[in-house]
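Here come two complexes built around subunit A, the first alongside subunit B, the second alongside subunit C.
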Partner chain A sequence: MIRAISSFWARHQRKISPYLFVAPFFILFAVFLVYPVIYSFILSFYDARGLGARTFAGLENYRELLIDPRFRKAVVNTTYYAAGSVFFLSPLALLLALALNTAWLKLKGLFRVAFFIPVITSEVVVAVMFTLVFEQDYGLLNALLRSIGLDPIPWLRSPAWAMPSIILLGVWIWAGLNALYFLAGLQNIDQEYYEAAAIDGANSLQLFRYITVPLLKPVILFVVIQAIVGSYQLFTQPWILTSGGPQDATLTVTMYLYLQAFRFFNLGYASAIGYALVVIILTLSLIQLIGFGTFRREDA
Partner chain B sequence: MKAARWTLVWLLVFLIAFPIVATAQTLEFWGFADNRNKWYEAMAEEFKKIYPNVTINIRSFPYEEMHNRLLTALVAGIGAPDIADVEISRMGQFVKGGEVGFVPLNNLIGDEINNLYTGAATAPWTWQEQIYGIGNELNAVLMFYRWDLYENAGLTGPGSTWEEFIENGKKLASTGVKALAINDQGWEYWWIIASAGDGFFDSEGNVAADNAFGRKVMQLLYDMLHVHEVAMFAPLDTAYYGAMQAGDFAVHMGAPWYQGFMKDNAASLEGKWKMQPLPVFADGTGAPTATHGGTGTVITKQSKHADIAWEFIKFANLTVEGTLRAFDMANLFPTYTPAWTDERLYRTDDYFSGQRPAQIISEVAPLIPPLNNSPYWPEVTDAFTRLVVTPVLQQTTDIDRAFADFRREVDRIIR
Partner chain C sequence: MLVERSVARPRASSAIKTRKLLTSAGRLVVWLALLAGVFMTAIPYIYMVSATFKPNTEIFAFPITLWPRNVTTFNYAQLFSEFPFARWFGNSVFVASVRTLLSVFLSALAGFGFAKYKFRGQHVLLVILLATVMLPFQILLVPLFIEMVAFRWLNTYWAVIVPFAANAFHIFLMRQYMLSIPDELLDAARIDGCSEFRIFATIALPIMKPGLAVISILAFVQSWNDFLWPLIVLSDINMFTANLGVATMIGPYRIQYGTIMAGSFLSTLPIIIFFLLMQRQFIAGLTAGAIKL
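Our next item is the complex of A and B:
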């Protein structure tokens, strides 16, 4: 028996051993990623509340999703945040990068370090810190508003202001990092283009519109996709600042998933939310890739 | 030959060591509350003196993480601890579905049930007459008030009815101090007052938050904020203690565990507080106390040592020494009634101006309205905050509409 195995090993060793070497990764990948992905897909077709027996429910969970006002609210909120990070945060980051890229700015190194600090700080720590920044009566931000004679804003308490507050926090965390991406892109643009255009009499707006933006397109694409995908996974900051309130104003899709799974113990429904999120993110990324012409052939 | 000798030696070592290893038992305990974990650690040390072979391994996780881990381990069918602490508002989810992952304690408790204040010790962890957990904290809510601020306004205290509370509050407000700071992002004050009329669920398990009494309490909170102007919106999180120390408001309603929180977060106010039972309505409705918060200890069905786990729980929760230790370490007032006659419980408290908290608590304890738990507790309380408390107190909807929205949501949740 042992002899048979060892002769088999001797004959096939060269073929088998590479697979053995890469096996640890694939085993872990299968157990911790593939299995949950498949299992939650199956679970999304079950009525799985609490422990005990699960009953097959077909598309019931997905049907419920379509008419669930809270899920709709969560999608709207998350889209609101995503819009904030695409149309407010990203342009701001680009402006920052343009400023950093100018020759006359001093202390560039300091700025670059400062931009990185929010990113490497734990999101939880940042969020806890910002509960004090946004606090209505004692907060930093309202103290600032009062000092210039404005009325304090109920940042986290009012349903209208809660999401803008979360977006502001997002700007504080991510604007700097995105600016660094843009900066790297800007520094890759050959100065000769600008010189040539300047000789042709282009003004600085035209330089930006016809040279910077087109050559920066890959970076813009990267930053925007990242912002959107990241936005749809938003969880930590609103969870700590508002727990989704007031009145669901900051309830995000992932938070709703979390509530359904771990607070309400509706595992089937939570799985369906997870898959709805996959569909949303995939669709948006596809639209974007098409919009930016990624699938067009380079030589066409 | 040499190899064979070594094998023999190892075999002997193994044979001698094995029985020792086999009888030494380690039980896993998961907890989330620092004050309780410290107490259980102390109890585990004492327990070891009686059961030298048993080690209780107290593991501490953050609140969310601990309950989620426990839930996941129960779903997975593997990896759960022997013993766990389950917070009162998280218990509901664990009794959802056809199966409960905890060991029923009814037979284990036996006659000791007569020595327990069951409204706080077992009711919150009971589902369909099975007791799954035991709580050592009698969380009778009392009204803590700043006697110095009331004295400034020429008053002796908040009063014994809500009507008086409001009248006194107006005098207090004229000195620039609000009586109450009401949280518009949570249900705690509504619950504390409204539990006298069933609170969230009636004894049948039906949602009762929108009954006449529940509406009356919501109206009371609204009136205090917007009609009589004797209350302010509570600052969120730690800023609450800032406002407390600044003397912006004079009253907090809380359970005994909250006394510990106040001592930690508003130490400078020592000697400025007193406590009294809650006011009731002038028509006699309401209750002088309520239960708020609390944690129960459960044994999971995955435990292979449920018998020893129970011995430990009993040792900590069903003995005078154990429960008084918790009182001493964390202000946790015992649910184990034999401890109520122990004079150590009746010490004076300097933070509360030399009052004896235990005196007042033991007087009102028999009047605590029952807490009826439900598998839908998490969803329903969550819906109540976002559909009733916040919009009503922020004046974005009126009470009738809010309660109608709430009822519609309840019908959607419980199918």
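Our next item is the complex of A and C:
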């Protein structure tokens, strides 16, 4: 019997072993990802409070989402943050990459390391550090403003300034990583294009507009989609700096999901918030892909 | 001819001079902007470290000081006496190490399977993986929490080690690395009677060391800095990771800023040292996504 098995194994091991290689991963993947994703979808159609009994509620949770003012506020806030990432952070990162890509620049290694450190620092620690930066009376930023004769700004204490502060913090964290993405893209562009265009008399603005930007398109697309996906997951910084306040000015979608699920134990409703997030992220990513012409023939 | 040249030359050279001046002025601006950027990146860290040596009354006082006037180690003493910080730190080391090992092992194994074999269902599995990469992990929080309750894993190491160990992104990276292993090498081993698993363990893994290092770093940092998931599944103060511990110190003890800063500083220090030692692998790992496009 054992011999029969071992000879079967010897003959077929090349066919069977790939399944054995991928099996451990996919078992965990099924238990901790695929099943929960489906379970969460089902749960979003139930009125589930706590871990006990649940009743089928159809589309009730989603209907509730559409009229829930706090959810709307969270979506608006998070979209505000995402817009900051796309229209402020990403161009800034591109500028940074262009600066880092110049041939004459010395100490490139130092700059790269310096701008990269915030990315690997835990967001909790970053937020803790920035309590002392944004502090209204004794914080670093306001000390700077006062020293140049400007009025201090109530960074985290005013509803108008709270989200811009979080966006600034986002820039501080992510500019370096996004610049590295752009830098990798810039270095993939063949220098010959620039030389040829320079011979034709193109100035540096034209070089940027007609060579750099079109050839950088895939990386720009990547950075923008990353920025959107990442932005809609915002949680830690506002959680620690403002707890979502003042007056829900920094309440984010993820924070609202967390509160509904683990403060109010509205598990069905929280699942619906999760799926609303999926819809938002997929829609925005799809718009980006179409806008960048990814599905057009010539690019295929 | 000669006269013409001697007239033309000074003009041209003055034009070149102005252009040179402009370029060097431009360079100076870029250089200063970059230095300002480095300064702005560094200053919060420096200020944090300095705050750890200040008494609380100096953190909130005018004028603000970068170098503490009254250097004290009170905050560090407080951190270890009032909070189980050593335990938190140990938890972080243990959880991040085990999760990294598990994660790297799983993805290396599966990456090898995908890169070096053709099998039925391969394509479907890859598509499923790719589809999940775009999903925000927030949709997992509620169902995974229910799962943890059912497994009785709340407040255990299992809850922070196992659920996020299987990472689709790691598989894609690993598969990419494994594709570069020449098939002839594997076939030669097969002719020598090597079993498929031994081929993986003794031939593929050693070749893959650089790739393994990159993924280990990614997995370790991710686990070390994890916040939202530990916040959900850990409520026993002795089970906290350093990161979660620091975050909870902010709540009820908001007054002890110096102590919170000391905890933050100590919990980041290993990652920063680790990064300074292995910059290249760090940067390779975190930019891998963009280069693949």
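What we mean here is this: the second predicted complex is superposed on the first by the 276 of 300 C-alpha atoms of A that agree within 3 Å, B and C clash if a C-alpha of one lies under 4 Å from a C-alpha of the other, contacts with A are read in each partner's own complex, and residues count from 1 in each chain.
Definition applied: a contact is a pair of C-beta atoms (placed from the backbone, for glycine too) under 8 Å apart; a residue touches a chain by one contact, two chains touch by 3 or more.
None of the values given here were measured: they were computed from a predicted structure.
Student: Clash or fit: how do subunit B and subunit C relate after the overlay on subunit A?
Tutor: Aligned on subunit A, subunit C clashes with subunit B.
Student: For A:267, is the partner it touches subunit B (first), subunit C (second), both, or none of the two (neither)?
Tutor: In the superposed model, A:267 contacts both subunit B and subunit C.
Student: Tell me the contact category for A:66 with respect to subunit B and subunit C: first, second, both or neither.
Tutor: After superposing on A, A:66 lies clear of both subunit B and subunit C.
Student: Figure out whether A:137 sits in contact with subunit B (first) or subunit C (second), or with both, or with neither.
Tutor: both
Student: A:246 contacts which: subunit B (first), subunit C (second), both, neither?
Tutor: first
Student: Determine, for the superposed model, which of the two partners subunit B and subunit C contacts more residues of subunit A.
Tutor: The larger set of subunit A residues in touch belongs to C.
Student: After lining up the shared chain so the two structures overlap, which partner does A:285 touch, if you call subunit B first and subunit C second: first, second, both or neither?
Tutor: In the superposition, A:285 touches subunit C alone.
Student: State whether A:21 touches subunit B only (first), subunit C only (second), both chains, or neither.
Tutor: The second partner, subunit C, only.
Student: Is A:49 touching anything from subunit B or subunit C once the two structures are fitted on A? First, second, both or neither.
Tutor: After superposing on A, A:49 lies in contact with subunit B but is clear of subunit C.
Student: By the touch definition at the top of the document, which applies to A:259: first (subunit B), second (subunit C), both, or neither?
Tutor: After superposition on chain A, A:259 lies in contact with subunit B alone.
Student: On the A-aligned overlay, A:198 touches which partner chain: subunit B = first, subunit C = second, or both, or neither?
Tutor: A:198 sits against neither subunit B nor subunit C.
Student: Could you name the one stretch of subunit B listed in 9-17, 63-71, 81-89 or 387-395 that collides with subunit C in the superposition?
Tutor: 63-71
Student: Do any residues of subunit A touch both subunit B and subunit C, and if so, which are they?
Tutor: On subunit A, the residues that contact subunit B in one structure and subunit C in the other are 51, 131-132, 135, 137-138, 262, 267.
Student: For the complex, which residues does subunit A have touching subunit C?
Tutor: Subunit A residues touching subunit C: 13-15, 17-22, 24-26, 28-29, 31-37, 39-40, 43, 51, 96, 99-100, 102, 104-105, 110-126, 128-133, 135, 137-138, 140, 143, 172, 175-177, 180-181, 184-185, 218-219, 221-223, 226, 229, 232-233, 235-236, 240, 253-254, 257-258, 261-262, 267, 270-271, 274-275, 277-278, 281-282, 285.
Student: Considering the complex alone, what residue numbers of subunit B touch subunit A?
Tutor: Subunit B residues touching subunit A: 64, 67-68, 71, 74-75, 93-101, 184-185, 233, 235-239, 242-243, 375, 378-379, 382, 385-387, 390-391, 394, 396.
Student: So in the complex, which bits of subunit A are touching subunit B?
Tutor: Per the stated touch rule, the residues are 49-53, 131-132, 135-139, 156-159, 242, 245-248, 259, 262-265, 267.
Student: If you look only at subunit C, which of its residues touch subunit A in the complex?
Tutor: Counting only subunit C, the residues touching subunit A are 27, 30-31, 33-34, 37-38, 40-45, 47-48, 51, 59-64, 105-107, 109-110, 112-114, 117-119, 122, 125, 128-129, 132, 134-147, 149, 162-166, 168, 171, 190, 195-197, 200, 221, 224-225, 227-228, 232, 243-244, 246-247, 250, 257, 260-261, 264, 267-268, 271-272, 275-276, 279, 282-283, 286-287, 289-291, 293.
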